[in-house]
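The following pair of complexes shares a single chain, chain A, combined with chain B in the former and chain C in the latter.
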Partner chain A sequence: MNNSKLKKLFGEKNRFIFFFLLPGIVLFIAIYAYPLVQIFATSFTKWNYQNFLKPEFLGWDNLFSNYQKLFTVDKNFQRALINSIKWVVLTMVIQIPFTVLVALALAKKLKGWRLARNAFIIPNIISTAAIGLIFLNLYSPSRGIITEICEFFVPGSQVSVLASETSAFWAVTFSFILFGGSSCLLLLTQIFSIDPAIYEAARIDGASEFQLDWNIRLPLIRPMIGTVSVMAANYGLLLYNEIALITQGGPDNATYSLSYYIYKTAMGSTKLNFARANTAGVIQFLLGLILVGMINKAFRTSKAD
Partner chain B sequence: MKEKNNIWGKIYGYFMIAIVLIISIYPIAWVVLSSFKQNPGGLSLPDKWVFDGYITIFTQLDIGMYFKNSIIVTALSTFFSVTIVSMSAYVSARMEFKLKSLVTLMFTTTLFIPSVSISFPIYQMLGNLGLRDTHAGLIFVYSGLGIAVTFFMLRAYFLSIPKEMEEAARIDGCSYAGAFFRIILPISRPGIATAAIMVALNNWNEFYFASILLKSKENMTLPALLGQFTTTYAQNLNGMFSAIVVSVLPTIIVFCLLSETFVKSLTAGAVKG
Partner chain C sequence: MKKKVVSLLLATAMLATTIVGCGGSSAPAASDAPAEDAPVAEAPAADNGELPVINFTHGYFHSEAEWPAAAQMREIYQEFADMHKDEFVFNIIANEAGAEGIYNTALNDLAAGEFYDIADFGGWDITPVASAAGAILDLKPYLDEDPAFKNGVGVCYDQNLTADGAIYSVREQIEAVGFWYNEALFEEAGATVPADWKTWADFDAAVDALLAAGIQPVSLNAGWPANILLAGYNQRSADSRAFHLAGANVETFDTDAFKGSIDFMQNSVLKKIGVANFDPAGDSETYRDDFFDGKTAMLFNGVWDAGASVGCGAGDENVKPAIFPTDEPGKKAALLSGGCGFVVSSKLDEAQTAACIEFMKYMTSPEVASKIIAYGIGMAPGADINYDEVANSVDAPEAKLLVEACRLCNSADYKALGLGNAFGDYEGEIQSKYAGLKDGSKTVEDVVTELNEFMAAAE
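Right, the complex of A and B next:
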């Protein structure tokens, strides 16, 4: 009697677990697992617009031929890779320090700090499609402001930001690099959670505000700086929207990113090469893992958290 | 000495506040002003305020249709995503079973799989299913994006609810599913709302999949429409500027009204990478 009751309960429980997990597992397989396996598998095949229905295995001798070609022949990929790495580095050396400085300044709760915090979030919560389009217009020679400002300082300069390779790269960079509003919010939350008693002790010892920032707040929010660094670095690594809207990879493919390369190679041109796009996807995925590992290691504090 | 320190600290503080306000608000303010100008753009204020752009987008562009598409896609995908993930998160928070750690691992790994890297297989799969240029296809993809963050948020929330709640319901003869839907979901409303706001915000703004999957105008969401302006409608500048304003305004208004709720959502969304 008791035994059968237990059995029944057990049955119900397992059925419940199964049916409740099923939709999540289906979603996981369809949106993540299957595509991930596919990009790995097809990175070892010849698969382009000529044999769309039938990817051909490259054979054990040429197993890594797609990878080889990307790194030796494919100029667009190489540019995309270098740009993406540059954008990752730039988020680390511009966005993160800037956001930390803003957070430390806002944490002093001067008049208007809350307004500034909320305003800073706005560029992060409106669509990047809108942001991209706004910057496209700001950079436009005929209706933008950059050309007009340059004209004021150097009459007749006729600057066209998106026409040169270097300035187009920076144009894309500055359409996102200063917008660290959500990260700033997280850092602020962390700063506010520091026990005020710690400051009191330091103040009695005569520490200045700057010393408090440098010696107390900064070390204490270090793990959170690590977290927002991971998010920012990922954003840099995956950059797509700003490029699609502002430069479309140009001029002369100078502003390709890995994401833009994948889109162009698999879906956005005439001579599609699916195997190569998926190989680039594998590389992007692996780079992401390496980045997370590196940043976590750099920001790990002595205490395990 | 101390006073001096304070003054410099204040100057620095206000300087940063000013910089943040300028870089955050200027681009949007510029677009709003430009949308009312006869010749949009430039640094000046409008000398004559025109509303042509707004009239055009509501009469000719039919921006209401894009709004409707965005609302349908966002509402349904957020509903599916939050429902499916909350079911998994609940099982992972409350049930003891053999493969439990595998389930948690599964959701954790999604955090490390960038959707762009795997976008071609997804694009191809939706093509095979005949869902490429449809709302259903986009809703399907959106339901799966960002599930790791939602999973950990909701799991933490479920763990914070005392176990006695369900135990009492179980003793009263409630099934497991009954306890979840009748007891847990209602109490978890605040946590689910926090997660839903974040999911909805991401899906409302999503551009990459919207732009590669949706090709016909009548299916496009607002971000996909904005993507079109780089080429097709660029001749009608007032229209373009007005469309940008109208498409970002709802988010900004909702944010201003519910800023503390948003702040909570955005803070809760930080998952250690």
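Right, the complex of A and C next:
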């Protein structure tokens, strides 16, 4: 590196930028990077209530022992992993298409569109804890409206949504899957930023509203769909509040998510198995990276697009 | 230039704020300070530099209106502090996050090599991790040298004795659990009341009679009340009591004793009660409401629920306490769990340690035990409590009911730990099976297999 390059690197302007970045860098290292490295490192240790103050390295022969146990004997983890993947897939196949459809419909600016937009956003500005409690009451077998409705149509049906493994999974799923208000706002912003001249030209060529949506709006908001897909998939992968409040992982651990498993293993158990929980955390992190990579690849646009 | 100077100052200020924000503080944690609106009379006193100072942390932060028992507990603590104000400074600190907050703070403190001077963990068991870290005091020598102290802690002595022969915690009150029943509903159904049951066969007969009369025998959730019933049924025979006693140390769930208990839960209870009377949410309180509204005939909960009988829809006069039958005619069982209560730091000096021991002796003395029962706070563990005297000292019907419930639990032929205290992490796994047992999607064998798998994974 020659003198002029060095001078430029440590020049007044860069020093100035560095000063502004410094608080962010310090916070990132202290709050994010250090714990992340620690999570990775302790996934190769024995660390529970017996050696709370001093994690013990498992040794090279047993390096992946925690990982091995998760995938071979720990049924709760396996269930949590499968559920989390299911929730990611469901957000991609239900929440994203539904949100895109709502955004396309709202973009037509039909009468009452503002009211509809605001109504769609309301669940996203309510805390997930409150949403969880609302759904818990909806599903309650003694006072919930779902049981009442089923009883009205099929007397004696005695439906208890949260008592069955299958229905409990869907009960948790529906407590968040249709709430794409924030994503919808982002998509709407993107749609409104499209040059109206493009629509004019298409209409002159005789394009219908469907063709405008299919051939103009959807291709042009594709990068934003990619962005909201990453956000939604992450939400599905990290799901915790709804489970903690509605099912507490039950019945029979059928609604465990990775986040809930991590909490239960580390803090919800008398054994305080931090090593096992951190191992699950590493898997969750890697899964998140893979997901983001896949979604980015799927929604990547080229010049040809 | 001026702009650059201002920007530079701003950046420096941001960095300084970040560093200060990340720094430690010697001030007490906010959560340790009593709420402004909570009538917590005592406040941490300053170290006067002469007398030993002991900080005692507890979870009774609630206002009197919210939970009268909390105010009474604080009063008892304050009496002790006042009694010894010339010998040591006893700071009483209410943690507004309750016992769970005290436990979580202790975990953080342990990571930093610290521990409370003395704290009441209210059932949250910190002792395995704190003793492994060498942070807490073994109380056994102090209990062994003072028979009155040992009597005062009652069942806690044996229950909290660890495999290495130490006792890290004692408690001034215990979870005394039998169950409550609505006498009027039993009479309406023509069923034998629990007070007259000889064996569990009488329970089955009563449940059938109640159902035949269109009365729901019980409401449960997939947690506490169902676990009480299971633990109560575990006391039916010598084999099942031995299995229950082994608790978290059992080698397998594939035993006749455990299978019999799960079969009972499935076929004698869960399948018989209505869907609306089983809430799969483990923290639902509907089961209590149903009983006190007069909708169900039995409530599986502790003696402390005597207070809820006042003015309830079921009728105060109809609510009666009972303890569990066994399969040995006439023999009764109750669940008496000490659990984790007072825990003392091992890092205190001699004078501080002596003060903590004095405090625990005071809290487990017959005088305080009588107050705990008479005030309707709960049941005391002491073996020297004169229940007749306590009963005569109270006037309120709910207080009399509590004394009666405590006396009944104390009179049980078999006294065992609750399911959570006995089985630790397995409790959560067991309770997660109830929903499947109720709807028939799970068999007894399934439960056994899955619990054994959980055991293998936990090793």
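Here, the second predicted complex is superposed on the first by the 276 of 305 C-alpha atoms of A that agree within 3 Å, B and C clash if a C-alpha of one lies under 4 Å from a C-alpha of the other, contacts with A are read in each partner's own complex, and residues count from 1 in each chain.
We take it that a residue touches a chain if its C-beta (ideal position, glycine included) is under 8 Å from a C-beta of that chain, and two chains touch if they have at least 3 such contacts.
Predicted model only: the values in this text are computed from it and were never measured.
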_Per-residue contact with chain A, leading partner among chain C and chain B_ = B
*Of the two partner chains, chain B (first) and chain C (second), which one does A:110 touch, if any: first, second, both, or neither?*
first
*asked:* Tell me the contact category for A:97 with respect to chain B and chain C: first, second, both or neither.
replied: neither
*First, second, both or neither for A:136, with chain B first and chain C second*: both
_Touched partner set for A:50, first chain B, second chain C, both or neither_ = second
*asked:* Touch test for A:262: chain B only (first), chain C only (second), both, or neither?
replied: first
_I'd like to know which partner A:11 touches here: chain B for first, chain C for second, both or neither._
neither
*chain B versus chain C as contact partner of A:59, first or second or both or neither*: neither
_Just checking: does A:75 make contact with chain B only, chain C only, both, or neither of them? Give me first, second, both or neither._
second
*Check whether A:27 is in contact with chain B, with chain C, with both or with neither, and answer first, second, both or neither.*
both
*Where on chain A do the contacts with chain B and the contacts with chain C coincide?*
16, 19-20, 23, 27, 30, 136, 140, 142-143, 248, 267-268
_Residue ranges of chain A touching chain B (in the complex, touch as defined)_ = 12-14, 16-17, 19-21, 23-25, 27-28, 30-32, 34-36, 38-39, 101-102, 105-106, 108, 110, 112-113, 115-116, 118-123, 125-138, 140, 142-145, 148-149, 178-179, 181-182, 185-186, 189, 208-210, 224, 227-228, 230-231, 234, 237-238, 240-241, 244-245, 248, 258-259, 262-263, 266-268, 274, 277-278, 280-282, 284-285, 288-289, 292, 295-296
*Please name which positions on chain B make contact with chain A in the complex.*
2, 5-6, 9-10, 12-17, 19-21, 23-25, 27-28, 30-31, 34, 39-43, 83-85, 87-88, 90-91, 95, 97, 103, 106-107, 109-110, 112-114, 116-125, 140-141, 143-145, 147, 175-177, 180, 201, 204-205, 207-208, 211-212, 222-224, 226-227, 229-230, 237, 240-241, 244, 247-248, 251-252, 255-256, 259, 262-263, 266-267, 270, 272-273
*asked:* Per the contact definition, I'd like the list of chain C residues that touch chain A in the complex.
replied: 4, 7-8, 11-12, 14-15, 17-19, 22, 104, 107, 110-111, 113, 125, 128-129, 132-133, 219, 222, 274-284, 286, 290, 424-425, 428-429, 432-436, 438-439, 441-442, 450, 453-454, 456-458
*asked:* Could you list, by residue number, the parts of chain A that touch chain C in their complex?
replied: 16, 19-20, 22-23, 26-27, 30, 49-53, 69, 73-77, 136, 140-143, 147, 158-160, 162-165, 168, 246-253, 264, 267-272
